[in-house]
Amino acid sequence: MSKQILLEGRKLSKTFGRFVALQETDFAIHAGEVHGLCGSNGAGKSTLIKILTGAHRPTGGEVHVNGTLAPAGSPLAMLELGVACIYQHSNLIPALTVLDNVFLGRPPKTKLGFIDATEQRRKAEALLEKYNIDLDLDAQVSTLATVKQKEVEILKALALDAQVILMDEPTAWLSHSEVRKLHDTIARLRALGVGLVYISHVLDEVFQVCDAVTVMRDGAVVWNGSIDEITRPELVDRMVGNDLGEASRSVAAEPRHPKGTGEILLSARDLGMTNTFEDISFDLYKGEILCLTGLIGSKRTELLHSIFGSAKFSAGTLDVLGRSVRYSSPSEAIAAGIGFVPEDRLRDGLLLDHSVSDNLIFAALDKVSRWGFWNNRAVRELTERQIRDLNVKPADGSKIVKRLSGGNQQKVLLGKWLEIEPKILFLDEPTVGVDVGAKAEIYAILRKLRAQGTAILLVSSDMEEVMAIADRIAVMVSGRMTMTCAADDITQEELVLQISGGNK
Amino acid sequence: MSNKKERAEQEGRRDFLKGVVLGSAALGSGLVTPGLVIGESGKAMAAQDERVKMAFVQIQPHTVSSAWSVGLEEVLSTQQTIDYQQLDGQNKVEVQVSLMDTLINEGAKVIFLQPIDSVALGPSIKKARRRGIAVITLNIDASEEHAAHVEMNHYYGAMDIAKEMGKRMGGKGKVAILNAPPGIIIRDQRTNGFVDGMKKYYPDIQIAADQVADWSRKKAQDVLSNILTAQPDITGVYGVNDSMALGGVDVCKQKGILDKMVIFGNDGETAALESIERGELTGTQFTDVYQQGRFAAAAASVFVSGGVTAKEFKQQGKLLMPYVIATSETVGSIQPAQRW
Amino acid sequence: MVRLRQLPNIELLAFFLLLYAFFCFYAPHFNTASNLENLLVGYSFIAVLAIGQSFPIMVRGIDLSIGSIMALGGMVLFDLSVIYEVPGYVVIPAVLLVCLLAGLLNGALVVWLRLQPFVATLSTLAAYRGVVYAISGRQLFPEMATRPITDPWLTGMDSYLDIGGVTGLDQYMEMPWLPLSFFLLVGIFIIIQTMHSKTQFGMNFKIVGGNPEAARLAGINVKLTILSAYGLSGLSAGIAAIILVTRLTTATEALGNGMELTAIASAVIGGISLQGGIGNAFGPIIGAMLLGIILLGLTLLGISQFVQQIISGLILIGAIGYDKLLSDFRMRKARAMQSGS
Amino acid sequence: MLSLISYLRTAIPTYAMPVALLIVIGLFGALAPVFLTPANFTAIIYQMSITGIMAVCMTFVIMTGGIDLSVGPVLATSGLVVFFLLHIAHFPLFPAVVLGILTGAVTGAISGLVIALFSLPAMIVTLGMLSIVRGSALLAGGPDLHLVREQPGFEFIGNGFLFGIPFAIWIFVAVSLLLIFIQKRTTFGLQVAAVGDNERAAYLSGRRVKLVKMMTYVICGMGAALAGIIQSSQVHTAAATYGEFGTELDVIAAVVLGGASLLGGKGSVARTILGVLFLAVLNNGFNILNVPIDYQLIIKGGIIVIALSLTEWANSKVA
């Protein structure tokens, strides 16, 4: 190793209760190196990042910066040592301006200890110029579009003069050209001797910008080395492991139903929502899985909400089961037989402080009650049946959902919607943060539903997932549906190209 | 004493004219400042065809203040030029002060004031006096000199209650006080009067409990019930207002010990008088509150029509309302028209 | 023009001015110098309380105990000055210190004992009031109760500046006499506003309230920030106590009863979101003054005291609803503009 | 063995408050043996019934993350309404009481509607309602005390005895059981908790979140109205000034002492009763021991802080 090691984690481990998120992991970043970190969701990447930035205190192991031991679990100490991070979730303060957010917690100060606004602005403008970013420094962050907010976060890390920058899926919200701009920036930083960690699900990007790669699976490093030493299929294999490889192969082995049984259950024509999406037209057939894919921020979620009644579309027509409809609340959509497993299960899906049983029955209260009074036996039977069918662990209906693992939480959420016996089921990123085994189980359930004639509209950013279970695929780019085709008619590489809007 | 003579005179006099006559008489007879000279002022003449603003700043809407207001309005409404307004102090000193400021700004001629605190309203009264506004305090005096003060005396009234109660208890035994929370001056005056009175007249009587019941009948029921659980040998109860005393009566009635108890209230509202007549409540300090309002209004009329400006007061007038310790013996002498 | 639109509370200010203009037209004596004087002298200290209250609310908390802290400060002032005859220049810092400590205790309960702010300060609301009763000079020395405060340092707090007289403008128009408390309020406003916009310490409140996790990751001491929020709330209750008590020349045991709801209402009307993270020093002042002109205006209109209560309740709900409506609208418009560009 | 320890750990937050209550009862009992008599316990329950009814009915509101500051004036208004119906309009007792409770339901519905429909902060809306309802009550009834005369049926509500136990206690028990039943045995109970836990998830699961929220305010208003009728009956008077400032804070304190979180989600009717009991025991004990008001307040504040921080501490150990 000729290059200096900037940041090093030695035998890092982290457990949450009984759940092992990270086990004895070694990790090192050198100066002037872009280090890719790959692995499927729940592989422990985020945990590792959080330990390296001091956001989590490791259960075991040490973090060294420039060869000296860094204090554990102190974000401030890590920032001062020059380790900055762009997290997946926003870490901006909505009520403050862009300028204040960029220098959050560490603005330049005058001799009197006041914030030096002139200096702050000068520095920020210099950064904007240097990295060719377009932002209104005086705008309040809450008024910015999400894409712009991500730029503020990048600017925030750049403003730190950081030696090491960790980026947790920085391109998820960015358009194709913006991604290229970011990659230019990364190249410039690398030339200046900065060490970067780059997490991305888009393997093309990893091969484009990274010098070295670490692959993680199930909380452990399974491979690491120079990018030149590994091919793309090998990388995928190591990420996925044999389990999912098999699971997805078995799913893929299932016959596809490119047109379902021919009956159209849901039909959208020219749907639009001001400043969000426009001209969305598609049909959803009985007994098919239509995968709606695209980058995060391509407004797929908003589309689902507008159909489901939890948001309103402003243009176009919607037919469900042959009737023209426009739901004003989810309860109407549910009454019509539509179920919706939302993206953020913690924020939108689960009653976290309630039991598994409460969550399972919550969308189908009529089924387990009469005149608003519980039928306790029906509640118990329903709970037991779902726990058994979904293989929820532990098999205890009174368990508080908050304390379940991600995969089991997702199964509970899915089970809740199965109880309304949906004719149409929407799923938004149903396997994010779900471990490999649970993922396969969820796929099995979806397949069963399809066999029963349910029409499934599944939003996913995970290419492997899309390729594995879709009958048909639709792509959205920046609020427009750019492509619909049968899954057999497209390769994964073509799909990636479509998603990033590279076709245009 | 003179109290009784005046009582007899007052009975049945309800109409405005008599009120004014009595008020003037009271003023003239020296109950009010002798130095108060009724001067001739051109200003007053000019003021006659203008509307005259008068307002009553009370502590908060309440039975007593509402009865005063009835008395006030009765007199004032006969003079077409007077605009009268009743204002809510929201039980907050600072709100009262703000209302005083507003009235001064409006150019009110007379402010009737029931101050929450004697000292705290002082600066406002001073300001009013500088602007030539007559301030007449009701029931609670202010430490700052002002036009007139019409009161039933709390301190001596409470002393008299102690005397009467002690007599009925035979000079010995234990007494409980159902008190108000601190922060309002009449609470201190009544409590101190009662305690001092007991010490003075019946030192053998022990004040065994002093608990706060927030002026409330319901709270008083709960509090006294608990006190009696702990000290069943208590035979005297003093409620700092009638509501609390009646709460005490409720409890004793329920426990079936009413005949052993001597319970006194304060103020003399209708419910209390009725209770005395039924032989439940032992007694209360009664003042004709309507009359008190009429007196205040009469004094105000004199100030306005006489053209006396507040700046000319040399010394504050004080009009002591006669009061009766109403008990089963004396309650009959209180006319229905006087009851509020 | 752009900057003006970005000014916080512009809608509220418009509402305030509209109501002010309404009363000027319809309420006799409203549009006078002395009425303005009454407004300033009567509501400056409430504005100070509201600014203080804005800190706990900004960090997602609430401080119900400020009324009791005010009474505590007032009683300490009364005791020291009237009973122990301590000079005023010692009394004032002592009062401020006591109130600061009372506020910090609230903060400690929230930060270290992890109590819900509502309950923690509800408990201290009772406890501090109890302390007030216990140390009440009026209960301990009844003969002292009627003595006003005479210390020149303290009575000097209740003085006025006749700006008309000083500048000679009063020959041309009637000018209000400005109370010292108003200048104090202006001073506090300038200090707090500078703190919010120019110092890290001031910005921390918004950061912690807006996103506690981000604050932690940015290396901000979240606990210290919350603690100081309650400390500042207590301190401003102390300042308000000094203003009020020197004006009344005495302290009563019931001082500040129910004041917490007035202050919270002022702050929330002033755009301090109960969800935390949003606020400035200007809004609470306008909120307090709005409550002030409602009371003054309705009184001058000669509206019955009972109807006044109904109307002021309606205006309270109206003001908060109007503010929400317009800020929602502004947010949507800003988003539309952003994504349009 | 290990599981026993972990069970005990999870049990601590559940039992912290009852244990604190037992300690307080034990202390009072040691200082004044008369405190421990059955008659005194009956008295405690009788005295807590009014606040108790309001508190159990407020529990749902707080569980949804709301708050209702307007219970004081609502209590006064319902008493006044029943008084007018009985005395002026000469209604029979039953419809008068029903209409009185309906007044509370209407005021609650108005608050709830404004809060749910426009997503305004409950604290400010109900503060405004407090002022509006009080003003309306005073406008209708003035500040005077209205004596209830010769209404044996009405008197019975607050003062009567049924099977040797005060009727007010029966009402309190009935309301508590009804609300516990609603919480445990109906879908509404789950929906209330769900709205407080995760309003968006509840909405996306097809629940009529706004309706649920509004209903909680209606229940709270009805509780306050019922409490007002009982109080009117106990003091033989109706007045617009009843339910003075501080009533709402007592009620909220009781609910929160019972473990409800003002952020919503957590809370149980049964434990709210425990909270009310805690406060009633303190008041009763202080009266019996003749503790001066200043010490009462300081000790009360201190005990609440200690009891709640114990629960929080235990909670943090478990999580």
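Remarks
To keep things simple, chains are lettered A, B, C and D as they appear, and every chain counts its residues starting from 1.
Going forward, a residue touches a chain if its C-beta (ideal position, glycine included) is under 8 Å from a C-beta of that chain, and two chains touch if they have at least 3 such contacts.
Just so you know, these numbers come straight off a predicted model, no measurement behind them.
Shared contact partners of subunit C and subunit D are A, B. With every chain reduced to the mean of its CA atoms, the largest distance from subunit C is reached by A. Chain pair with the highest count of contacting C-beta pairs: C-D. One simple way to say how far apart two chains are is to compare their mean CA positions; for subunit A and subunit D this gives 44 Å.
A straight line joining the Cα centres of subunit A and subunit B is 73 Å long. In whole angstrom, the spacing between the mean C-alpha positions of subunit B and subunit D is 35. Under the contact definition stated at the top, the residues of subunit B that touch 2 or more other chains are 61, 91, 181-182. Looking at subunit C, one finds that residues 133, 257-258, 304-306, 308-309 touch two or more other chains.
Among the residues of subunit D, those in touch with two or more other chains are 138, 245, 292-293, 296.
Chain contacts here follow an irregular pattern that is not a line, a ring, a star or a complete set.
By the definition given earlier, chain contacts exist for A-C, A-D, B-C, B-D, C-D. Across the complex, subunit B meets subunit D through its residues 60-63, 65-66, 91, 179, 181-182, 208-212, 214, 216-218, 221-223, 225-227, 229-230, 243, 246-247, 250, 254, 269-271, 274.
Across the interface of their complex, subunit B is touched by residues 28-29, 32, 34-35, 37-38, 41-43, 45, 133, 136, 138-139, 142, 145-148, 158, 244, 247-250, 252-255, 257-259, 292, 295-296, 299-300, 302, 304-306, 308-309 of subunit C. Remark: subunit D residues 32, 34-35, 37, 39-40, 43, 47, 50, 138, 142-145, 147, 159, 231, 234-237, 239-242, 244-245, 283-284, 286-290, 292-293, 296 touch subunit B in the complex.
Touching subunit D in their complex are the following residues of subunit A: 308, 310, 329-331, 333-335, 340, 342, 347-354, 358, 362-363, 365, 369, 372-374, 416. Looking at the complex, you find that subunit D touches subunit A at residues 185-188, 190-191, 193-194, 197-198, 200-208, 265-266.
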